[in-house]
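You will see chain A twice below: alongside chain B first, and alongside chain C after that.
Take a look at the complex of A and B:
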């Protein structure tokens, strides 16, 4: 009676008395476990894809600006303020960070763009096309032509903007923009290409130039950049990397702020929070169902054994041991269910992890939070979800057994033995 | 000076419009001066009719009929100061043409306004560009005025309810201070105007523009009153945006003639490009 595994052994034997019932209950729990692991994994996968698509298209996962640049976006609030910044060194230092995939400098302006027939307001963005593709994907949306080349006075126009201007690749446009010295910068450019990002506001206004051409138009120097965007291996490390870069780069310029996407795209953070909330909701719903299933089974089991409980009580077994016996039975049931659930879900999870199911043919591509989102069923590799679910299930099973266990110790021994 | 005026997300209130300024800059200063009609009697309280008449006088002064002249525009910002010499022609509120004479780098740059449309001529690229609707919030020639300021047309008398808020001496000068509240359906963007007019000769001294929340957005000051082509006008107009302390755009009229008899056909795209 004193061996410590006693209650587990009894529990195990008791489960064996009604094998069919045990298997059915365990399977119900196992499927619940598998469903939670699979759906939570898919949700996490979607969440990650949303974050990626929301930052990869144009924004980057970390960005560096003059602290006062947003929201007024004054032309002279360049990184490093009036002194500017050694751009090449800044970029190579950023890229030296092992978590960084790429870094690209940008200059912004606003002005008027005019074709032969009409004119529109334009958002001017000067980029280094080669570096830009290390960080963002919007240049893969070039429909015709090519990104602007260095020193060629070329512009890449948003699709809707080009349509409204009634212009085409190879034609001339004029850009007029207030420059840093107060004059009206104006210059002739050739349309080098048309781009579609999928973000309506961008496609209707974006004018992409080579960074050096825009610096010239705006009377800025080569060390004057408004922004450096950075892409990371893992978006979830952004805050950490931003803090590290802020320290690493501090000696290059004083007026510099390094921000992670969590800061400049707070709506994406809210979305990530929403995904987390949905995961908990699924967990709670499934485990509530599991709890009632276990409670029902254990209640039946204890009811059948009224006479046994009466006997052991009459023999002097302490109530704690009776409770341990019943709870042990539920614990083993829960562990069996988790093992079975793992067997069920493992192949599905592995499959969706390595061979995501692309639902784009059915659902189409959606613009969501400034990112082009593709509906792909993909499980985010994570130990967090299965472990959380397994612990949750076992704890649920144990808690659900408490009530039947309390009933067991309250069995009136004399009456039960008398068969009444 | 905001570099991104075309798309600056929430446009600061002062940029939204200045009803009278369009006229003030482009229509230059024309006077329907009738000093004799309004004796500056400081004796009695000013009646509402009189108040209306005084404001109308100031309004006409800044709006004018037809005019031609030279103006020096000085723009002072936190970052830079620049001065431009310009020649300007106007006809009523609807037509005006401004051409830059100096600095030489920008000489020939010109702006034409016909009704609510504005074109710029850029000699460097030899192109005429119509300012698009989305560009109307942009700065005109680097100044604190926007294209919207140039095209907005409203009347202090017709669009506002006028009250005499103060009458008496301010810094030793006898003045009226008028409080102008927009009429319910008036097409104005200001929440309220305050206009200070000198009693002696009915010259405006200051106009204060308040936004919808009742906060001061910009102040116009008028000074250097001189007689030009037989009319007394303020020849120095200075605009101080409230959200950029220390910054200003000042217009100095150096030469003005009125009732030039120019036809509307003068204000053409051909003329904008410097043609006959």
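Take a look at the complex of A and C:
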């Protein structure tokens, strides 16, 4: 037994003098710790789901465009400018990044779509359906029919747009759109399907074509794409992946900008900040309660041991060491609470990590920040929150013991020894 | 007797100069120690006697720096105790003073051995060294085999012996003992007093006892009698016999 072991044993024995009080305090702290770990994990999970739903539907977590494409979205501002870009190589290099799940090219335009009975303005989006499903979810909203096939001159219409055009799957529509060469492109298309994204503006205007058909309509070359949308394994890594891709792809084209969702969806960043703020709020509330609990326990212990503090002062124990003794007891209490809290929270955390509870049947699907959000109770796997909470709890316990410790060193020795 | 100079090897162990300790104020003020000026040389074996409430414990507390004087000065090894910070006083007590309290005051969470070795540990004495010292002394004062018992499992007399062991281990320069034999039988008292006498004789440890016990006073070489907080008599004792003035008629 070295002297450090001695002091630990003394602290342990002192806590054991009022076992019930110690256990009650430690369990209160433990439940607080468990609550922080669990609810913070759920909040993080919800935050991630919000971010995913806000980016997975259409936007992607990383996107590549011509630097001047936004906000005017001019038809000739394609990636790589006048020279375009070798799309196949671009996609191949992007997908070589270990964090990338998929990448899909897109072409955009605006035009008029006319059915037998009426016409409407339409937002034209040319996609590669196979690649698109690796990246976004909006094709899962196809209500009837199917996505457009290559070379078949097919269109997929937003549900509301189809309703307004009074058209249906299998019927023909005419698209007229200004093309890159200054002429007006027009072509007859067949409605291949109806899609519902849940975003009213999109459903009322979206016209989805195969990318090659739209390139042809807009007089663009095969290397002319307006955007490449990238999906990642972890949305929180988007900034690093975007930076990495910008370097990796720099030799393919000069007029190219790689952006993470944090840049092109700043409202999602604010939302992520809100989640972080709520986590801190929970942390502060629980730790304030912990601080009062520990301070109360240690104050009572200090008051009960006035005579003992007088004795150790008389024996020559320096004030700093008395403080260390009291604080050490709080430290042990805090560590016990963290261990107990971990035991309480671990099964719940693991369960919600591996078996999320889908609350959609109760809460329904909600549109949130241009994403279709499903309420799923799940814990985002992360060491950050448990470690931060554990350290925070132990530090709180130690800080809360400082006042009782200062009271201990101010015990008037002679009076306390005389029982006054 | 006025204290002189700063601490040095030749300084008296303890000096008090016109020392007062008053509790309360105004009409309710109680002068526990009144104008006490004494000098106790290094290596003295002194008994403070007097009736209960005469100020013996308060005087010992003042000497040990456990309470501040209302007026006057206390010097230990030539160093003014009143002007010291809490930390300096703690260091002085740790380095120079051993305490035996009236009510044992062992730490209940420590074993007998841990209680006894506590000041040595605070001084940084290596574990093996301090354990050897404790074991030797415990054997001598009849505590052998009780090392691992907590105070609650010891009799009053055994606890008092542990308290004395705690005070004398490491041979501090000064031991302040408040009724050290109050709960001991004759045999145990004699064993303890013997230990203290040996320390006093061989290592020059200064002992100041507050006591009503004639056995302690017989061994003391100087007796100071306090009455109502002031020194009534202060005399060297030449033989083992007790002078009649040390005994309080009510208490004997």
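The rule we apply is simple: the second predicted complex is superposed on the first by the 416 of 420 C-alpha atoms of A that agree within 3 Å, B and C clash if a C-alpha of one lies under 4 Å from a C-alpha of the other, contacts with A are read in each partner's own complex, and residues count from 1 in each chain.
Note that in this section a residue touches a chain if its C-beta (ideal position, glycine included) is under 8 Å from a C-beta of that chain, and two chains touch if they have at least 3 such contacts.
Not measured: the values here are computed from a predicted model.
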{"item": "When chain B and chain C are modelled together on chain A, clash or fit", "value": "fit"}
{"item": "Following superposition on chain A: angle at chain A, chain B versus chain C, Cα, nearest 10°", "value": "140"}
{"item": "Touching partner for A:71 - first (chain B), second (chain C), both, neither", "value": "first"}
{"item": "Which superposed partner A:317 touches (first chain B, second chain C, both, neither)", "value": "second"}
{"item": "Touched partner set for A:294, first chain B, second chain C, both or neither", "value": "neither"}
{"item": "First (chain B), second (chain C), both or neither touched by A:209", "value": "neither"}
{"item": "Which superposed partner A:184 touches (first chain B, second chain C, both, neither)", "value": "first"}
{"item": "Which of chain B and chain C A:394 touches, first, second, both or neither", "value": "neither"}
{"item": "Where chain B and chain C come nearest after superposition, their Cα distance in Å", "value": "74"}
{"item": "Touching residues (chain side chain A, partner chain C) in the complex", "value": "1-3, 6, 10, 13-14, 17, 307-308, 310-321, 409, 412-415, 417-418"}
{"item": "Complex contact set, residues of chain B against chain A", "value": "1-9, 75, 77, 79-80, 82, 105-106, 109, 120, 122, 124-125, 127, 129-135, 138-139, 141-142"}
{"item": "Contact set on chain A toward chain B in their complex", "value": "71-76, 108-112, 114, 118-123, 174, 176, 178, 180-184, 186-188, 205, 218"}
{"item": "Chain C to chain A touching residues, read off their complex", "value": "57-58, 61, 64, 66-67, 86-87, 90-95, 97, 99, 101, 103, 105, 107-110, 114, 118-119, 121-123, 127, 166"}
